[in-house]
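The two complexes that follow have chain A in common; it is paired with chain B in the first and with chain C in the second.
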Partner chain A sequence: MGEVYETLVQIVGKNYVSNHQEERYFYARDPGLMAPHEPDYVVMPKTTEEVQKIIRLANDTKTPVVPKGAGLALTGLVIPLKGGIVVDMKRMDRIVEVNEGARYVIVEGGVTHGVLKAYLQKHYPHLRHSVPESPPISTVVGNVVIHGQGRLTQQYGFHSDMVSGLEVVLPTGEICKIGSCSVSPYWFSKGPPMPDLSGLFLGWLGTTGIITKMSLKLYPQKKLKDVEVFVTDREDLVPDIVFKITHTEMIEDMGIWSQPRPRMFADNYHLNIFFTGDTEEELEFRRKMVWHALQEYIDSKDGGFMQLPPEMKPTFLDNPQKSMSAFADLRKGGGFEYSGPIIPMELYPSFARKAQELGNKYRVVQNASGRVIQQGHCMMFSFAFTFNRANSEEMERCRKALHEAAEFGLEKGAVLWKPTLYEQKMMLRRMDQNTINLMKKIKQLLDPNGIMNPGNWEVE
Partner chain B sequence: MPELKFDKTKCASCKAVSCLVKCQYMNLDRNEAKKEWQKLINGEDSFVLETCTTCYACEEYCPFGNHPFYLIVERQEEKNKLAAPRALIRQWVNMCEPVGKFMVGQVKEQALSFCLIPRLQFLATGKLFEDVAASWIIGAEFFCNAVYLHFSRMSVIKDRLPKVVENISRQGIKELICLHDECYATYNSLAPAYGIEVPFKATHYFEYLYNKLKEFKSDIRPLNIKAAYQRNCSTRLIPDIDHFVDDIFKLIGVTRLEREYDKKNALCCGAIILSLKGYDIGTDVQKRNLDDMVKCGAEYCVFNCPACWDPLAANVAKRGIKPIHMIDLCRLAIGEKPVLEV
Partner chain C sequence: MEKYAEQIHRCFRCGWCKFTSDYSDLNCPPYRRFRFETYSTAGRLWLVRAWLNGEIGWSERLGEILYTCTACRNCVEQCPMGFASDIVDWIVGARSDMVEKGRIPPRVARFFEAVYGYGNPLKLLRSDRAAWADGTKMYAPGDEYLLYVGCLGSYDENAQKMAKSLVDVFNAAGVSFGILGNDEECCGNEVYMLGEMGLFQTLVEKNNQKFKELGVKKIVTVCPHGYNVMKNRYPALGGSFEVYHYTQLLNDLIKKNKVKPSRNKAKVTYQDPCFLGRYNKIYDEPRQILRSIPGVELVEMEKNRADAFCCGGGSGNFVMDLLAGGEESPARIRVREAYETGVSILAVACPSCLTMFTDAVKTEDLDGKLAVKDISQIVKESLPAKKR
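Then we have the complex of A and B:
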């Protein structure tokens, strides 16, 4: 073990490697409900070459490696289940290039959403990337690897759909370029017209390599933005409402939420409808189209638009939304976790009812929310619970609620997003055997020593 | 439960049926109006219940003070012919439910009511309020509840209003200066219409401002401006206070522009109509109103109700007219800076 430590010191310098108790304690856990497990070492590389050396060392010594961004997935994906080395990517924080005309940015593996957003606002105010609702310290690569979603997901899909090139250190130590950048200086495509190899790394939760650079598509930053909130007391109408709104192709983003507190939100279902424009006329035209699309519900009294006073709008327009952080600390004590099944829109009513049922059954504070993905092909539904970390009994009730939510989701036809270890196993039990075999072959081919984030997507 | 003091004999002798004939949103001749109104009196269904935009104007049109609008709201609830989407009704009923989160200042016999609108507290500052500024109440426990007239929920008003009156009385208040027009309308129109006794004097802030301005007459510098006055829905319940607009304007050198949509033909801010009826009717009301302000050369648009300010002030400003709340206008006349800005 001493040799590993000394070699890591040689690779990154002694200031950026630790086997001390403090770091091992900190890197053993995430803010969710999974049990902690300590790593043996924590290391913070600065360059791709340093990552490469760390991986080679890990292969030589058969030491597990867990790449980590900000560790905010909440589902234990960066907890080193079998010890080993946690590779903290925060020092790889360069924004390498912005191609303004082709609208993409190349970032290193540790660049955060907050930094990228601020950088674009300052240097390229007419460009933006899709910002998730996670705190600004969440990393771009970490979020993409788990198929995250953000403000532009309704228009352009999962964040992994917005990738246009990768640089990856493979589990065997080779540095590999994926997409157009493998044959060209331009990072405009992650695959087409060639075979799309990005799928070997996206969604694998760090089990097939470490992404050291990523190219991400950028989109127009419109000058004006606004939000309307449509409210209905009939969850069964939500899929139709979403269908009608997305049919207009007028909106930027749409989130759906329900929660019992505060009282003004109780027993209703709310749809936050975001739209943008470069002129007042464009903005108003979009608003008009959205209102017209839902006129039948106003006429039937099944739904209507909330009057939003000007002082409330910034709260809704925030991205990321601070209100999510406020909810996450509702019980104080900093505990928050959610199960995020990806579902077809038609399942929304039963999931919304289930969220209420779980809140009542387990006496936990719940919030049910969802984000429409790419014009309603599907949505991310979130069973979210907040708890006090000092209250172990409450945490246990939240665990049970999340467990039941996951089982319910799979039973109904959902696919679980950023699944915990247990949820991965639940999905693998249901997965087509040939699909499992393919995953196993890929994993064995790429990571013959089984060093990468072991435990995750592990096929028995 | 309090009951509406409605005298159907007054309607029987009414030839004009102004409540419906003058309605800006229904196109009825006298015969049709008479027929539909009789249905409502009889407790029968009528398309009026669903067509009503809840602008409150029929309360002002009725020459007998027989409260036609309150009857409409009663019937909407009885027949479940709702004026608003159910979800919005539920939201409003829940939002303003008293849950013990009220706040009070150093309450004296004369006190300000900020209703449930925090920004009124910021408006009630400066010389005009210095004697009474510390004595105030705010919160759902003191909320007038008149808003439920828009939401077909007279039952909520009848349930909550007597308790609100009691809560205010318990504070030892003898004179309540209502900074929200709707509160004054509640204690001087709604409460009497339902036989709810109000043991304190409710004073409209227009009257308060007028008297204060007279005290500070030497400080007034005439503004010499032309203004459009934006009437809000609850002024329809208390048309007798309208003269204070003219009185105040005269004191501070403001010309109230004669325009198509003022006085009895006023158009509301449109926000509720937008919510209840949809985009086309709501924005049409707002557009006609703004066009009229521009056409008559308004330099300022003077607001009475903060709830009109929200949906309209920014649009007023975009048309080159300065939006200003009545309190800020008075403040401006004595050399103080306005508080509310777009």
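Then we have the complex of A and C:
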């Protein structure tokens, strides 16, 4: 193993390689509930060529490689289950190019959402990208690889739908361009009109290569923003309410949440409806269209708009939201994790009820929330539980709650987002056998030595 | 601080603490320097917990990870959690534990030995403490202010210029003040931040006793570190006096026309010292002083006020320099940022910033392009010749 270390030092320099206990301890775990496993090395490359050399070394020595962004998926996806090399990508932090007219940005594999947001605000104030609610240190590529979602998902889909080109170091060491950039200097398409090869890398959780550059679509940044909160005490009406709102095509984003604490929120379902516009008139028109769409629920007294004090609006409009991270300290204990089933809207009521049931059954603090994806084709639902990291018994109850949530989700027809290892196995057990065989063929073709994030999406 | 071990697990490692408030840049000095997650606030807290739980053993690297934190308080500003204001206390608590167990990096141990033996971390003779002072009046009962110079102002060649300028400006304004000379001793701010609580208490008690014997009612400090500890820690240990940083007093003197800067054409940017800004919310006075000088154009760096990037000298690192050694060392990053604003002067209000940046300007080959000057020096240069 000494030889691997020395070669890594030659590749990136001694300041950016570690096999010390401190890095092995920290990179062995994420903030969630999965069991830790130590890497043998942590390495921080600066260039695509350095990544390529690391991959070649890993192939020569049959050493596992786990690419890592911020490690904030919470579901253990960057825990090196079989040891090896964790490749911390955050030194690859260049914003390579913005094509203003074609509205895309090319970023290196370690660029964070926070830095990209600030960069666009400063240099291209009329452009934006879809910012997730995860902390700003989360990386653009890391989030896309897990099919993340953010403030523009209601309009434009999963973040992986917003990709318009990739540069990937394959598990065998070749540097490969994906999309229009493979034949053109422009990175405007991830596939069409050619075969779309991006699917070989998106959603594979780093098991089919390391994305070193990515082109991401940008969207108009409107001058004005607003938020309204519609509240109903009937979860069974939520799918219909969402359908009517999305029919208007007037909104930017919509999140639905319920939680038992504080008491004022209990037994109610809140729909945060976000609007944008370039003028007050445009904003007002959009608001009115949504008000009209929901009038019947107001008339029947099944719902109404919450009066948000002006000083509260910035908290709702923040993106990313600090309050999301603060959820981890509700138990004064530094932990939360969620199971994230992707579901058709019609399943929302049963999932919201299940979240309450799990909270009561396992005596854990829960929050049930969802984000509408692309006009309601589906939603990302979240069974979120917060725990005290110093209370192992409470952590175990959270694990059980999450496990039951995942089983419930699959039983009802959900697909699990950024699945933990056991959730992957649960899905593989239900997956069509020919689909499994196809995944296996792709994996064997791309990664013959099985070095990339082994354990994940592993077909037995 | 005592309860840090029961609280430290609350860090979720969400990483907000690494950034400025607009996320435009990394703003945690050791994380920026080393880039391993272990050198971020979360890394530090998780490792300390692992050490407390026996999951990892003490190592010199663990000690260095803990001691590369400059206690700049950027994490406190950015952390979204309810415990944000406790984070530095937790770091200090962990250091205190390591000190008690005798497990600290050699450079930290040398820092303590120097303060213990010499009354300053630079290991220079007590009898040379006032060598810079050259006729400066000693404090006597009845003087309005005790000018507390601090260790760097007393011994460091660059910081001595700062102290001398301030003395000249105060004299020109007719301020009633005096210094302690060779009787002055380390203020203890860094000793506290590094976790040597026994030595800290001894220093504070000695200083408080001295101030009491001399009847000191008002102290003005050259250094924000001294200002911070005297304002926020000394009262709990018996200190009873008003304390000001010199920029507060100087700004007041300018407003009262007791100091009247004349024209001094220069483009200047200003570095907010952590112990003045984030610790004590003194952001305006230094800027008001600079703007009061005719001809001075103040240009802000992008990261300023509560978002200012630390020079890397805090928590004793102006001596230990655990963050040195590369172009990503905080002082080098910051002088590059200052230079990018197009100014000719990087103004500081802290001897630690002064010494860190003066070295960094040389390393970055910016000599002759960017001058590092303390605000007192800029004001002194702006006084009419007969007033200097």
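Assume the second predicted complex is superposed on the first by the 460 of 460 C-alpha atoms of A that agree within 3 Å, B and C clash if a C-alpha of one lies under 4 Å from a C-alpha of the other, contacts with A are read in each partner's own complex, and residues count from 1 in each chain.
Following the convention adopted for this analysis, contacts are C-beta pairs under 8 Å (C-beta built on N, C-alpha and C of every residue); 3 or more make two chains touch, one makes a residue touch a chain.
Predicted model only: the values in this text are computed from it and were never measured.
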Chain B and chain C placed together on chain A: clash or fit? fit
Check your understanding: Regarding the shared-chain residue A:T315, is it in contact with chain B (first), chain C (second), both, or neither?
Key -> neither
- Task: Have a look at where A:T435 lands relative to chain B and chain C in the superposition and call it first, second, both or neither.
- Result: neither
Of the two partners chain B and chain C, more of chain A gets touched by chain C
Where does A:Q10 make contact in the superposed view: on chain B (first), on chain C (second), on both, or on neither?
neither
After the superposition on A, what does A:T279 contact: first (chain B), second (chain C), both or neither? neither
| query | Given the touch rule stated above, what does A:D299 touch, chain B (first), chain C (second), both, or neither? | reply | first
| task | Check whether A:S392 is in contact with chain B, with chain C, with both or with neither, and answer first, second, both or neither. | result | neither
Once both structures are superposed, the least CA distance from chain B to chain C in Å comes to 18
Chain A positions within both the chain B interface and the chain C interface are none
Chain A contacts chain B in the complex at 231-233, 263-269, 280, 287-288, 291-292, 295, 297-299, 301-307, 309-310
In the complex, the residues of chain C that touch chain A are 6, 9-16, 18-19, 22-25, 34-38, 43, 46-47, 50, 55-57, 59, 61-62, 65, 80-83, 326
Within the complex, chain A is touched by chain B residues 82, 84-88, 90-91, 94-95, 97, 99, 271-272, 274-280, 283, 310-311, 314, 318
Within their complex, chain A touches chain C through residues 15-16, 18, 20-23, 25-27, 31, 42, 44, 70-72, 88, 90-91, 112-115, 117-119, 121-122, 135-138, 322-323, 325-326, 328-329, 332-336, 388-390
